[in-house]
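What follows is chain A paired twice: with chain B in the first complex and chain C in the second.
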Partner chain A sequence: MLLAFIAYPIVYSFFLTFSRFTIRDVKWFAAGLDNYRGVIVDPDFLTALSFTLSYTVVWVALSMGCALLVGVLLQQVRVGSTFFRGMLFLPTVVPVTMGFLMFQWILDPANGILNYVLKEIGLGGLALNWLSDRGTVFGSMVAVTLWGFGPWILLLAGLLAIPKELYEAARVDGASPAREFLYITLPQLRPTLMVVTTLQVIAGLKIFVPIYVLTSGGPANASLSLYFLVFQKINQYKLAYATTVGWVFTAIVTAVAIATAMAFRVRRDDA
Partner chain B sequence: MKCHSVVTWSVAAAVGLVLLIAGVALLPSPPAATAQEELSGNMAVSVEAWMVDKYNMKDLIARFEQAHPKAKVKLLTHEGLGAAYQRVFLEWAQTNKSTADLYFGGLVSQLTIPMIDDLLLPWDDMMTGELAPDKWIKAFLQSAWVAGPKGSNYPTLPGLGETMNFQANTDYLKVIESTDAQGNPIQPASYKQIMDMACKLAATPIQGKKITGFEGEYGLNFAPDTWTAAVVAAEGTYLLPDGRVNWDSKAGREWIAWQKEVVDKKCGGTLTFTDNNGARNGQQAGQIAVINASNSRSTENSNALGKKNVVRMFGYPGKGGTIAFSHQIYIPRVAANAKLARAFAREAILARHGQTWSAEKFGKMPTLWANYDALPKDDPNFAFVRRELSGPSMGQWRYRDGQALRQAYVDNLQKYMTGGQTLDQTIAALKAAQAKLDLTVPGKK
Partner chain C sequence: MREGRRGQPALVITLSLLCFLTFLPFIWVVLTAVKPNSEIYALDKQILPRHPTLVHFRKVFDRGDQLPRFVLNTLVYSVVTIVAVGILSAMAGYALGLLRFRGSGLFVHLMLVLLSVPWVILMVPILMFEFRLGIWNTREGLILPYVALFLPLAIWIMRGTFLTMPRELGQAARIDGAGELRVFWRIYLPMARGGLATVVLLTFIQVWNEVLLASTLAIHPEIANINTGLRMLQDEGQAFAFGTLSAVILLAMIPTLVVFVLLQRHYVRGVSEGAFAGF
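What follows is the complex of A and B.
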């Protein structure tokens, strides 16, 4: 089973990257390194690589920061904590495509509720083409995916698992909230942060669904991700090329994920 | 003796004649009855998901099964994406099997590869009688025609047709006095006139609200087709004599530049940069006055606005041509039950409750004149398309790498419209992209 469903497709697709592919047949190893050369000089690939890496850096930093902040605040909440935690859980239970379609409506420049509210409160100058302007699409994608793919629940679970006794002891010793955060929360949360950051980095690099639903990679390729580029090339019937992009993409994801995990490990060793 | 002999022979001849007549009457059933019996067995028809409703597919299947009780038709669906088609083509070519016997949906630009690789069963021997070439609307049929050897000129048949033009909310046009006595949009003679119309609509509050004057098609769905339509209308063809796309076309440059200008002047929106359905949805919401898409939007959007024919069409400035494209019907050569598939396709094409019904409900046009003639004669939108189809028209480009060329056009158009490159750079980029692509077309090798 393992051979049929995992090993065979992996080996097949890897060999395909060195081959010429048509619907009728595959000329194995006839392309040599041509597909890889084609990918590296392809402006679309470079555009997609640039978007994917920038997006991942900004989104991971923001999503981790926001989730940590909200989690720490919720850690302190005594009244209505179930309600707030339920709210955080909402993006997880809403079907992801439906959620992004909702944002399409919210961000619609003519009929969307965001621009409507901005105009109503006298901020009409800020009512922009959120998704179809090259200057705003990046920020819009980051914001929308903060909602859809933020690590809210995972970090909150990690925070709630920290023994309360540690905080109580610190307070007895007169520790300020900032010192509690630095010397209790962060060290205790480190294993969770390592796993969640790695998962977030991988998710950021693999961004696809919101692009498929909201922008199709546009405008003018301003939101073209590597994963979406693979999809585009498959739709153009360029399977060998798409597979090559896929393998380069996999190599990047693997390298970045390992680097992220290593960074945390080094820090832990230092500590 | 002679008399007796004559009588005897006469009686014998009469008896012989009676026996002959009786014998003929008792002969096995005629071919018609045989054909009826032969329509039996199982087949699967795979339909592009949106076409299930818009081609009344469930009803067509029910009627077919009722007329042929021994035949069973299984309905499958597939997506309109290249990825979905690639899976289907691979199945045919590499396994010699097909999940479905008959397919509905897919534009010729998406079906170029199976046409080139000869994976489709020609329809040519069915093109007689009610389906003879002159019974079809020429503009739609020619988009499916292939210059192959005799007997393989029709690897696909057009199922539902569409043309590219402008669709305007005439309630809004009346406010700026841009309709004629019949309530139809006044045909603009130039793009400047369309610009003026869009800007006037954008500047005039209509029904107490500010609306978008014009929304073009700047995404993969239609953008390349609006360019080709504009060029065909002005110059008759978008191709060079050697078959490549003529990106240097004067009308093509003018069209690209005009689209940027209408947006820069804030008379038009850019929803379709990222949302293929943005223009349609906006007009259905009453937020956009004029869009530039397929004719079907007129019927569909009028229905959505709850007012019959409130959205009407006008054509591209020029000599009156456009792009006519159609959603194809085809049978893979490896189909298990091609005979039943052909019979079903024939009935579906001829059926009024397929093509004519679809036109009235969704504006997707019949591809047979008989079905077109059954449409209401006084309907302004059907009359407009009829006039349009009688003029010069062309189909979509059909290159092996045609999909990549469509994507290159969209990328460069959007880059130009958002200020990322000049018009000259856009044209140069399109020519460079085209030079790298495989422009093989279906037909004789």
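What follows is the complex of A and C.
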């Protein structure tokens, strides 16, 4: 019975994509594939798709890099590791919108601290309209969502599970920290890395909150993501469009998740 | 061994730097919140406030009960959702983990599918159902989907907790004449306290961070949650300028910070488990 709450809407929603309907009545299967055709040729959809995909690629790469760095630092440090962990964990504790609202103020072109500092140190030319310029909004989005340094908390559990004897043995053999990282940490962490990367890819594809708070998809759709597109269309009562985009999105997420998992498997076979 | 120790100062310095970077936005918001407007918008800016003031905080409360209401709404949403999800997931987890009735395997598989469904495809059906039932844009209209959508992961966690427990305990109690409810309530539930704590914290975190549903199902300012409420305040623009906004942000952080400080260990576990959630 509990499952009916979600399972039924899923089936219902899938059938809706082939129907013509308003919020009150539904003409089942009256639309055929028209909804899908309408979505695929819509320039807004293509813009959102390309933004979402490129954001995901860049953000996942950077956030995994950050997370790995922070994770390894916390794994190696012997002093104050609890303190550092608590501090670095803080961004996760703050309700999401609050974090992004802070950045709106920091990135404000006229009064924000970022542009002020840039001017002070003589880089006034770099003081831009971070959130309302087509050229910078992508970078700003990536930077803002990197606050908190990625999912290091998920990697740390895996890192701390690596047996200490491996490192001690390597040190006896005179291995450098870089070699330790390459030949012990990375191979040992591979299963964790695979799971966390997949989760990050899915999270990246679902980018919504920073857009909702900071740009509303603008300027001129330069930061329009698929999730935000659905939200926009629902608010315009274009329900058929919204549902259909939702299903296209689901197909993409599933495909990308499988591809990520396969990429890791292939690499393991090589090794 | 010596190699490891030699690296330590560098590690501590790097980590401190990263902590500082993490903290920078907070510091800036705190400094803004205590600056008078004349300094916030001055042409020659100062990092530190020259004349610290609490005027922004006073303004937040002068504007009436807006912010307290958003916090209170979110509190109501989280408490009701937590109670419902807690009870239902404990019972379902017990049934799936220890009783294992006919077809429970299928049930578990189905739940895994539900866990991985993106919420966007559910938005429109939920909206349509709520319109027909007349609960769209009401508190119940937000809490019901919350319970339904947060439940699969909670059941999954509780099932995992109950799976680790010996079934013999319950069988022994049943031979002694204990009823099914008594076995659950007196024997197994107390042992599942850890799992339940994770579920509670996880649900708390999810409700406090939820934006997508709240922004489509509860759009009236009366019932907005903390996230959509702040967004509405932000839309008011100049009337709610950066100084006041900073004060709002700081005040709005308090509830989750308190919970974090009190329940740090469970909190981290909740966040880690939450990473696997379907939304």
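Just so we're on the same page, the second predicted complex is superposed on the first by the 262 of 271 C-alpha atoms of A that agree within 3 Å, B and C clash if a C-alpha of one lies under 4 Å from a C-alpha of the other, contacts with A are read in each partner's own complex, and residues count from 1 in each chain.
Keep in mind that, in the parts below, a residue touches a chain if its C-beta (ideal position, glycine included) is under 8 Å from a C-beta of that chain, and two chains touch if they have at least 3 such contacts.
Note that the structure is a prediction, hence the values are computed from the model and not measured.
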- First (chain B), second (chain C), both or neither: which does A:Gly99 touch? second
- May I ask you to decide whether A:Pro109 touches chain B, chain C, both, or neither, giving the answer as first, second, both or neither? first
- Task: May I ask you to decide whether A:Asn235 touches chain B, chain C, both, or neither, giving the answer as first, second, both or neither?
- Result: both
- Task: With the two complexes superposed on chain A, say which partner A:Ile23 touches: chain B (first), chain C (second), both, or neither.
- Result: both
- Message: Per the contact definition in the header, classify A:Val70: touching chain B only (first), chain C only (second), both, or neither.
- Response: second
- Touched partner set for A:Asn129, first chain B, second chain C, both or neither: first
- In the overlay, answer first, second, both or neither for which of chain B and chain C A:Val137 touches. first
- Query: Who does A:Ile162 touch here: chain B (first), chain C (second), both, or neither?
  - Reply: neither
- Examine A:Gly218 and indicate which partner it touches, taking first as chain B and second as chain C; both and neither are also allowed. first
- Message: Looking only at contacts as defined up top, I'd like to know whether chain B or chain C touches more of chain A.
- Response: C
- Message: If I apply the document's touch criterion, which positions on chain A are contacted by chain B in one structure and by chain C in the other?
- Response: 23-24, 104, 108, 111, 231, 234-235, 239
- Item | Touching residues (chain side chain B, partner chain A) in the complex | 81-83, 85-86, 89-90, 93-94, 113-114, 117, 119, 212, 218-220, 269-271, 273-276, 282, 285, 287-288, 401, 403-404, 407, 410-411, 414-415, 417-418, 420
- Task: Note which residues of chain A are touching chain C in the complex, please.
- Result: 2-3, 5-7, 9-10, 12-14, 16, 23-24, 70, 73-74, 76-80, 84, 86-99, 101-106, 108, 111, 113, 116, 147-149, 151, 153-154, 157, 168, 171, 177, 196, 199, 206, 208-209, 212-213, 226-227, 230-231, 234-235, 239, 242-243, 245-247, 249-250, 253
- Touching chain B in the complex: which residues of chain A? 22-25, 44, 104, 108-111, 129, 131-134, 137, 214-216, 218-223, 231-232, 234-239
- Item | chain A contact footprint on chain C (complex, rising order) | 1, 3-4, 7-8, 11-12, 14-16, 18-19, 22-23, 25-26, 28-29, 32, 40-41, 45, 47, 88, 92, 107, 110-111, 114, 117-118, 120-129, 131-132, 148-149, 151-152, 155, 208-209, 211-212, 215-216, 226-227, 230-231, 234, 242, 245-246, 249, 252-253, 256-257, 260, 264, 267-268, 271-272, 275-276, 279
